[in-house]
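Here's a structure for you.
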């Protein structure tokens, strides 16, 4: 009769909640990106503009400081008023920093897993494809939030606090524009960069592909518009569509005749289609197996 | 294994092994084309964009089929210089040349070349030649296609007059020369970047910005950009807007020799770099 | 060292390699003759570093290397004579097994016809004819190992450097590969094999190089290496006989015998001696004198495994 020594005992301790398991992915990715001194330096630079904005708002409300700097308040208010344009310019600049951030971090998120057959390792655990994508996306979303809507809203509330007298209530549109616009851009850029990272296995090629999406397509769109004397070309350009959305959210003009002709619904449609396409690409690629033909 | 020594050994041929180098160069180019570029849909998509714009322009052009001068301006300014040359060829060169070596390091397959009886310098040259064949093959065709499509809807007599009795064919030849020199120059720059940067996209973005603001630069700084020499070879001058800093265009021979010299120097430095390269694949 | 010797051997002359502050290998002096040489050592001991330096994939920080008189800085000459199957389990994308071999033969400079014939010959030797037209990316681990082997031997080199060539092979393929190495070595080639599978290294190697922590700890014929260790690690000899206690009492009279242990069930004796040759002579005398019936006499620790255990295992090295 065979004798089996049963001395292996399975783990019977407490498990982390299921919903939070995708956070394991960003935890390591954050560590990786923050290990790079160049990236930390870049992240630091990303806070320069919000800091300058903070200073500007402070100066607008501190007559003693203005006097010390020999700056008349009226002149400052004329040159750089704290209004929707002020916040829009700032957030649009931060959005381009988001692009650089995505360019630096994004391609390294999925491509190495695919190249080194890492996906079966993740997906053979109680870890779904959605959670995998969500975990990877979390890396970008968190870092981008840190440089867009979080400082944007902090500045907005700071201005409201110093201005008082119902400024916050009167300018609620600015706050919501910062929040909605930032999230829209973050979602679009995160999904696009993840889709590229999933389809292009090589990080450098993925980075260049991202450049193509954000530089060639707008160029193509402009050329198409010029050739046909239309605005339909903008439907191909995510960044141009976003410019239109920013303007609309802040209640301002886009600033270019042709772009002003672009209907807002078309801009939203472009962004939505960009996200849907990226999600479809991700669903095709994020699988526990790869078919080699 | 008795038949070991009976095999022909190519290295045994007498004199300077030019013949051997030539056959090795062809073999590497063939292998590179087989490996990387046959299924590069992204590149194909890029290459199809300018002809697509030209095709779209046809829709507008049918309204006035006699305005050949207008077509020349559209091709020169909009389709070729603003889009094809500055954006499409530039980024395609980053994609092609910037990854010639880097991609194989990430694939962990570069050592197969290093384990072949081929000079590493020759490997760099062969890879650069492959890049040139692919880029010029694609974008030369693109240029011709876009050129043809731009003039297609116009009155056939006027077009034939422009092409065969006017400057038309000369323009096309100039555009092809510029395309070739763009691939040669940008290709060498990004091949070089591929050796010195882990990701060529970041430095490429800087160069893209530099080339983009080239028209704002003072004359001395303009000379440190590839586009300055390429533009001087374009047959139809294009306005760069009211903010542009005016400067004398270099003589055609200066542009051609200058770009060729730049390519030779950068490929030579890349070849020097690969001599010292070790295979560790650490951060792949 | 004569020119003739240099031209027929693989030489390492005081070779060291440092990766920054980390030691790869240190002060390696080796002269490897034709035949099968087993390179044995724990993970991270420096086997791959040695092999990569041999073919110029990495450069030594110090010292000189030559393969049949050619330095790794002369790739055009070196790789006509050397074939290397590395441990990197990666291939150029998009190629079939046949294209992989044939393309690199063309890079060697062989004509299309020569390359085709040589490619098929190599593919046949590793038994991959049927899947040769399929993409390498779809191969199993064993098939990938074999196609790498085929690529290394396709140009019919004089020196084959094989980094863990038996990894991933099933027992049948493993036996075939070992036969192939033997065939190549019998043809006068240098076959330098690194492996973790000690009994196979023992089986196939004409000589071994034991490496640990970047240092060469032993080299040469395994028997000779074992003999040199007799003082520190007495040789164990297993004697199967009918009266082990009598034999034990007799062998204990010898100075060179340090231990004699009667086996379970009394079927024989395990003797540890500092002089194996002397022991064998004495054993003859004892058998003649006492009439003990000896069934078998065999060394119990004269293989690579034992040498490895004595030299490396005790030093904390792990496979």
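Going in written order, the chains are labelled A, B and C, and every chain counts its residues from 1.
Throughout what follows, contacts are C-beta pairs under 8 Å (C-beta built on N, C-alpha and C of every residue); 3 or more make two chains touch, one makes a residue touch a chain.
Nothing here was measured: the structure is a model prediction, and the numbers come from that model.
Across the two candidate interfaces, B-C and A-B, the one carrying more C-beta contacts is B-C.
The most distant chain from chain B is C, comparing centres defined as mean Cα coordinates. Taking the mean of each chain's C-alpha atoms, the chain closest to the overall C-alpha centroid is B.
With centres defined as mean CA coordinates, chain C is found 55 Å away from chain A. A straight line joining the Cα centres of chain B and chain C is 50 Å long. The mean-CA centres of chain A and chain B are about 33 angstrom from one another, to the nearest whole unit.
The set of chain B residues touching two or more other chains comprises 107.
Residues 103-104, 115, 202-205, 207-212, 215-216, 219-220, 222-224, 226-229 of chain A are the ones that touch chain B when the two sit in their complex. Within the complex formed with chain A, the chain B residues making contact are 42, 46, 49, 52-54, 56-57, 59-60, 74, 78-79, 82-83, 86-88, 91, 94-95, 98-99, 102-103, 106-107, 198-202, 204-205, 208.
Residues of chain B that touch chain C in their complex: 1-4, 7-11, 17, 20, 23-24, 27-28, 30-31, 34-36, 38-39, 104, 107-109, 111-120, 276, 278-281.
Contact residues of chain C toward chain B in the complex are 52, 55-59, 75-80, 82-84, 86, 88, 90-95, 99, 103-104, 106-110, 114, 118, 151, 155-156, 158, 183-184, 186-189.
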